[in-house]
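For reference, the structure is listed below as C-alpha cells.
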C-alpha cells in the first residue's frame, strides 16, 4: 500500500483511463512520464505554465504527485509548486516551471519529450472528489464526452445531478491560456 | 492506506486537534489549507520564512507534507524546502517561500488567505516522535498548556518525564522571528 | 502502511544495506539524513549537482523521496527537482541544489554535514526495478562488488543474466562529474 507500481497503474489505466493519450513506453516502473502539447522555450528566470499533453483522471481513492525528470533538473529547470493532483480531478495539468539555468541560457522543451514524473498514491477514507474551477480544463468536447460517459458508468452517484455537465460547459479552454 | 482523505482527517482532528485553529471550510478533500498569521509582502527574488497561523500536531503514526496552492504558484511564488513535518511535531510551521514572479513584481499574501496545502500520510513502525529544537515553536502559553494536557492524556508514556515541559519552556517565541 | 519509520528503516538496513555508509545518529524518526562527499560552495543563483556520500539501495517494493533540511532552506538553499529515487536503484544520488540566498551570499555545505532528508515509502504491485543509465553511479569497484553479491543473493532472478554486470562496467564514474 502506498505508491502504485507499474502493474497497479496498468490496472487503473484499463479501468479508468487515468492517462490519455497513453503510451506504454512512457510508463516507468513507479509512475508515468508526462509530456507537453507544444514546443516551449523558457528564458533565464522566466516561469511559465505548461499544459500537459496528457489528460489525467484520478479515481476518488487516488492522489497524484509530480516531479520533474532529472535530465531537465540538471539543466536548471525547476518545478514551482502545485505538485499534486487532487483525487477526482479530470483535465490537463498546468505545470509551473522556472528556468534557473546556471549559464543563464534558454531551456527548450519539445512536444512529446519526456518531462515530468507523475506518481499515483493510495488515499484513505470516503470519496471527496475535486469539484473546483480547473475540472476538465484544456479538454476538447470529444474528450469531455468520453470522460462524462466513463464517470457516469463508474461513479453514477458521486456528483449532484447536472454538476459535471455544468463544470464541463464552463471549463477553462485552451484558447484562454 | 497512504494519504488521508477528509473523513480520516476529521477523525484525527476530533481525537488529537491536529490543526488549531481549525475551520472546516479550509479542508479540501485530500488535505487542509494553511494560512499565515500576518500580511506579508515578498519582493522579487526575496525569500522569507512565514509562520503558519495554524498549529500542527502530528500523532506518532502520521507525517505531513506541504505544497503551495497553485494560485500562488501561478504568480511565481515558490516553496523552498522543509516541505515535511515530522511525526510527533507540535507547533506552528515556518514556511520558506521565495518570489520568482515573472514580471519581477512583489507578491502579497494576506492574513487568513488560503496559501499552502498540507497532506497527512500514514507512517509505519514504532513511534519515534520529533524531539528537536522547533517543538512548540511560536505557540502561546495557553496553547502549550492545551497540548501538554492532550499529550499527557493520549500518549502518557511517550516522552521521558519532564521532557516536554522543558522543551515548552525553551521554545522559540514569536518575538524571535 | 505508507512512509517507513525508524524501526522499519533499521529492518531494511539490516537486510539490504539500503544506506551505505550508515551512521545510526543520522537516522531521524521518519527517515535518514544524507550528507555530501566533499565540501561545496554555491554562489548566489548558482546551481550544482552534489553527490551524496551515501549509496542508496532500494528494494523493489520501496521508493524514496528527498527534501532539504530546513536549516539549509532557511539560508535560501533550494532543491531543484529529481526529488525521488526509483525502486531498485543502487548508487550515489545527484542532489540538484540552487542558492537563492536573500543576501546574495555564498552557501557552504561541508563534508558530512546533515543536508538532505530521505524518506522511504512502500510501493504496491509487481517489481519493476530501475534499469537506467544511473545505476551504480559514482560507486567504487569494491562497492559495486558488495551490492552485486547482495542482489544475487536477495533477488537472484530479478534481472536478465549479465545485465547488472554490464551496467556496473558502464557506470558513471566519480571522475565524470
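Residue numbering begins at 1 within each chain, and the chains themselves are lettered A, B and C in the order written.
Operating definition for what follows: a residue touches a chain if its C-beta (ideal position, glycine included) is under 8 Å from a C-beta of that chain, and two chains touch if they have at least 3 such contacts.
This is a predicted model, so every value here is computed, not measured.
Put simply, subunit B has to spin 120° for its C-alpha atoms to lie on subunit C, with the angle rounded to a multiple of 5. Under half of the residue numbers found at the subunit A and subunit B interface occur in both copies, marking it as a different-residue contact.
Averaged C-alpha coordinates give centres for subunit A and subunit B that are 27 Å from one another. Chain contacts: subunit C has residues 1-3, 78, 122 touching two or more partner chains.
Residues 1-9, 28-30, 67-70, 72-74, 76-79, 100, 102, 117, 119, 122 of subunit B touch subunit A in their complex. Interface residues of subunit B facing subunit C in the complex, by the touch rule stated above, are 1-3, 45-49, 63, 78, 80-84, 86-88, 94, 96, 98, 121-130, 134.
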